[in-house]
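Read from first to last, the chains carry the letters A, B, C and D; within each, the first residue is number 1.
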Amino acid sequence: MIGGGFGAFIGDAHRRASRISDRFQLIGGVFDKDIEKGKEFGLSQGLAIDRCYASIEDFISGEIALPESERIEAVAVVTPNFLHFPNAKLLLENGFHVMCEKPMTMTVAEAEYLQQQVDDTGLTFSLAHTYTGYPMIREMRELIRQGVLGNIQRFDAQYYQGWINSIIHGRDNKITGVWRLEPEYSGISSCMADIGTHAFNMIEYTTGLKVKSVLADLSNVNESVKMDLDGTVLLRFDDNVKGVIRASQVAAGEENGFKVAVYGSKTSLLWNQENPNELYLLSDTEPARVYKPGNAYNTEFADMSHTMPAGHPEGIYESLANIYNGFAKSIREESYVAGEFPTVQEGVRGMKFVHSVVESNKQNNSWCNIN
Amino acid sequence: MIGGGFGAFIGDAHRRASRISDRFQLIGGVFDKDIEKGKEFGLSQGLAIDRCYASIEDFISGEIALPESERIEAVAVVTPNFLHFPNAKLLLENGFHVMCEKPMTMTVAEAEYLQQQVDDTGLTFSLAHTYTGYPMIREMRELIRQGVLGNIQRFDAQYYQGWINSIIHGRDNKITGVWRLEPEYSGISSCMADIGTHAFNMIEYTTGLKVKSVLADLSNVNESVKMDLDGTVLLRFDDNVKGVIRASQVAAGEENGFKVAVYGSKTSLLWNQENPNELYLLSDTEPARVYKPGNAYNTEFADMSHTMPAGHPEGIYESLANIYNGFAKSIREESYVAGEFPTVQEGVRGMKFVHSVVESNKQNNSWCNIN
Amino acid sequence: MIGGGFGAFIGDAHRRASRISDRFQLIGGVFDKDIEKGKEFGLSQGLAIDRCYASIEDFISGEIALPESERIEAVAVVTPNFLHFPNAKLLLENGFHVMCEKPMTMTVAEAEYLQQQVDDTGLTFSLAHTYTGYPMIREMRELIRQGVLGNIQRFDAQYYQGWINSIIHGRDNKITGVWRLEPEYSGISSCMADIGTHAFNMIEYTTGLKVKSVLADLSNVNESVKMDLDGTVLLRFDDNVKGVIRASQVAAGEENGFKVAVYGSKTSLLWNQENPNELYLLSDTEPARVYKPGNAYNTEFADMSHTMPAGHPEGIYESLANIYNGFAKSIREESYVAGEFPTVQEGVRGMKFVHSVVESNKQNNSWCNIN
Amino acid sequence: MIGGGFGAFIGDAHRRASRISDRFQLIGGVFDKDIEKGKEFGLSQGLAIDRCYASIEDFISGEIALPESERIEAVAVVTPNFLHFPNAKLLLENGFHVMCEKPMTMTVAEAEYLQQQVDDTGLTFSLAHTYTGYPMIREMRELIRQGVLGNIQRFDAQYYQGWINSIIHGRDNKITGVWRLEPEYSGISSCMADIGTHAFNMIEYTTGLKVKSVLADLSNVNESVKMDLDGTVLLRFDDNVKGVIRASQVAAGEENGFKVAVYGSKTSLLWNQENPNELYLLSDTEPARVYKPGNAYNTEFADMSHTMPAGHPEGIYESLANIYNGFAKSIREESYVAGEFPTVQEGVRGMKFVHSVVESNKQNNSWCNIN
């Protein structure tokens, strides 16, 4: 693991999820830029102190020096955004499989570089679009593939959070100065890169369609903020299907309000991340249906993504564990379902989305192609 | 009443609502362009046959010939869209108070003409934005006025229906050829004029803010359709607040999915028409609150808009009855609360919205001012 | 109308509901034991002053003196409980159709006396079990009749309110001394007679089954209270099916939480009065279904009980209006569906339920037959 | 681990939960009565083959023979019910800490024997009342301790499942003959012992009150079934507070419908296991509040029981992991909060509940004391 030391919630999430899937063991990593803190953290996790490295370079040289049977095989990159690319690049160049937090890189070119490396090396690269591991998202994907919706006519995704609201209005001084609001650490976008990409990815993941162009209206809310904290993006797909993504980090009181709706010519599907075990199928002609995991009527992909009997709610750790499980299958060259883990291609798409959205906003909200 | 004969659901709704408010009595009208059917309908309602007129002209001459104490005072115009203006115009010119269905007119000029007439005559004119009568919408308006939200940062409204989906995909032949899909009867827009205007009106009604400009992306879905059936509209307000309206008449399985969310710097308010007696207040710092009507904590405006004890759900007829009640108070020159019934000004705003939206869509989705 | 003057919410509800159904006109009544107040109230309703009577005896002699074509045909009895019987008795004896609030009488003998009168006279008698007019309750009844549930195995009803909580804990002095807590005005039971009977009636209404015996555990909560405010009742049906009714008037914060669940061998149906336009069908083998009114898939009985298009919520006034409509059909000897209005038989069953429940509680919570 | 081999869902759940808490490592156990299958299972988990034992006796002798630093410290007993006691007894007698599935034993005497052993040895014993680990249940417990509800007046718990419905009606032959329906393996009760105990435990866990007596009405539904599959239990507490538990394993379509409601003199709290991250606080005087985990307003006990930011749903594995975490703290003699894991005392209470309930049902539904 690179990053994820004391106080890093996303690193902890990766460790828990990988333990649930039970196909990974934490051996070592670079847990902090301060090596002493990094070692202290490693010890707290029961690791050998010589596997707690000071830098990615030390990590690579140290691990490569070990016999292959002892060497770390796969690395989770859970650093701040600007370090995703350099870490992932070095890891791929040196033969490590990579599980990378999103956004994958800072630029499209970097993303394409990683894609090329993955293509060239045959290594497994997974992007942590955590929500694609939920069983009812996988049910949604399968129902759409089966044609249950007819032709898709409209896509509508919402991703509303409120946590930055407290910061910009000065109610929560503890987290001011967080790296997420500094472009040099976080990238050209806050809201769209951090959560808009989840919505974008979910569209393409569930429908199999590709977004062709975007028109974005972003807002920094407060003049002292250097990045978008809120925005709406209009979408067009190849076949003239349209959609919209609404995202905000300043929607007061919203916690993690990620909702996905796909409207077809026959029926529609609606999902809400905060109640992830319900999937609504709306129909013009029949009562709405509520799909839930753990039932005999589930598709195979949903079924393999839920382990408890029906009615026993699994949550976001299990969702990420499902992705780790697919990641492991790929590393071990076992058969897996397309969609069991998000790939480097999805990372490239995500970076193109972010850059197109920012460009559209600059160009007075005109259409920009994603390609 | 003009319009609203056999088979007209909206006319029936107005009659029921006016009976609930108990301040109106149906005396006569023009119920059908076929006078025989109109008379038959009038008889079915227990009316005198000589008050069932063949045309608006006959109605006016007939009623004006009566002594003032017997004369009809107020008229509900519930015809197809293209007849709203000519009927309302003649009624105002001849001294009748008017309750008009929306959209108020076919053009902005017509709307402004009606506004001028209302200003000149001092007659009461109400537009049937039915949803503004719901007690929890009125609670929302009052809470915003009290400053509970802080500064408004974002507005998000959804109005999704699916009923035209069946028509354009040929599953429901009974209602093809409906006047709503013919521009000469319905106007330049279907989705935005019929339901988008409700969302637009609700924004200005609940927040007191004025939308300054719009950017619209509309879709006819099917090439044979002459009007928009689906669309997204970006909004800007004077003080750089932004918003979005999403509306569709082809969202398969959606019934009358009108949702309104206003996000402020301190808290946010969310309301859903299909469950109209719950209003959610979200906060960064406290548990969400669920406001319901009939409670001692309600604002006065909400309280006067609900008659049953808490937990006894009132519905859309009672919402419209509340508007009829305000309309009656104005006619009788009793005191009433601003917002008790939608006025001709709101009708003008609505027509400007529809025309700006259609214009923006034509201009390759560029910003158009509403003024 | 007998009762229902100034400040009486249930009388107002009856007037509104009867206006919605549009088959009744308020002509006169006894609106207050103080004749001056009664006249003042009648005037406020636009009534002729000579139809505002001082007593039930005056009412009857006054109306009978009129020619039949002018005479009031049907009377709503909306007095406090102890006056239901004497008023209904006199009205039936003198040829008036009666709409009676519940509980129908104070004793089983009185209830049976009314039943005999109805049988003998052929007059129409309806009991105001308001909730049986909701379209989704009627859908429930029809789905059960169609055998959708298989064999019924369990019935579970909840009726939780909290309004008396404030009174007994002294937080709401305004409503202390209310007649509902005085046995001589209200009867032998508060909670079970006022709301438990709704639950009991709904069981027999939706399932067509008859409860055979009850075992009740009631609570007065506070020693100064003379009647039950809270209780649980176990139920047995003829064929060994079991059920439970849970009711309370001191469930803090509950508004009108009436929930009905019927569990069958194949599927189950769940309904909640506070969100009355949704009916859930649960199944072991398929996703849950959500039935809503105004849809083509509705049963005919549900369809005729909802007038708006789907997604436009109707509420409790419309539910009571549906019952008034059935009442009118019966009076006019038009055909109507069994179940369109609750009958005197249901009133007898309700009184037997209340008396059996109170008896069971006295007998140390042992089983008591209802027959 | 004793039990929990191939196909055992509850064993898998314990392994996952213990991995999430990251304070346990699976070393060995008795995974199957067939030693070959047990070894095969152990290998699949990456265990040393000599730690996969053939019997509890072999397990104990094998582990005791090891130096203390290598010896297994704590054992999860996840066998069928009738084996809980003999395993737990031997383990405690030989110095192992025990995490035991419920019901703890077959008889009250056995339960009291275990309690005595725990008292005598000072070992840590935890019972897997999984749901007590949910953060919002812990919030509920803390809010009640803080007096937010005032005096408790009523308790209402529902635990409805439908899975046995398919079996007894012959639709699902795969699971007929399951040990849960055989008294010699499962005990004197099915529904009340398997799920009724969860409801009973939750009452005492959240309120701190003790149930004094019960009156039960149970049903086997089908004559060929030897145990209760459905029932209602009336409850009395010391201070005349009353309550009710409704439980069923044949409620068609219900998945794991465990709901808990506590009604106080001031406010009430409601929780639903299938949506475990919401806790409703109802009040007579204020809007209802919705508590969710991960927020600054949470009590400390809820806060330490949720690791993700607000809005990222954790589920049942995390709930059980919280209990494993408390279990580990006790073993390591770290400080922990009372309520972090269910104790042997709670197991004794549960067995008394089951036996009292069965006795009450036999005694024609009369009151039986629990003591």
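Remarks
FYI, a residue touches a chain if its C-beta (ideal position, glycine included) is under 8 Å from a C-beta of that chain, and two chains touch if they have at least 3 such contacts.
Fair warning: this is a prediction, and the values are worked out from it, not measured in the lab.
More inter-chain C-beta contacts link the pair A-D than the other of A-D and B-D.
In the CA-based superposition of chain B onto chain C, the rotation angle is 180 degrees, rounded to steps of 5. A separation of 35 Å divides the Cα centre of chain A from that of chain D.
Taking each chain's centre as the average of its CA atoms, chain A and chain B sit 42 Å apart.
Chain B and chain D have Cα centroids lying 54 Å from one another. Of all residues in chain D, those touching 2 or more other chains are 163, 254, 281, 285, 288, 292, 295, listed in ascending order. The residues of chain A lying in touch with chain B in their complex are 149-150, 153-154, 156, 158, 160, 162-163, 165-166, 169, 171-172, 215, 217, 219, 221, 230, 232, 234, 240, 242, 244, 246, 248, 250-254, 263-268, 281-285, 288, 364-367.
Those residues of chain D that touch chain B in the complex are listed here as 281, 285-292, 295-297.
Chain B contributes residues 9, 12-13, 15-16, 19-20, 22, 161, 163, 254-257, 273-277, 292, 294-295, 307-318 to its touches with chain C in the complex.
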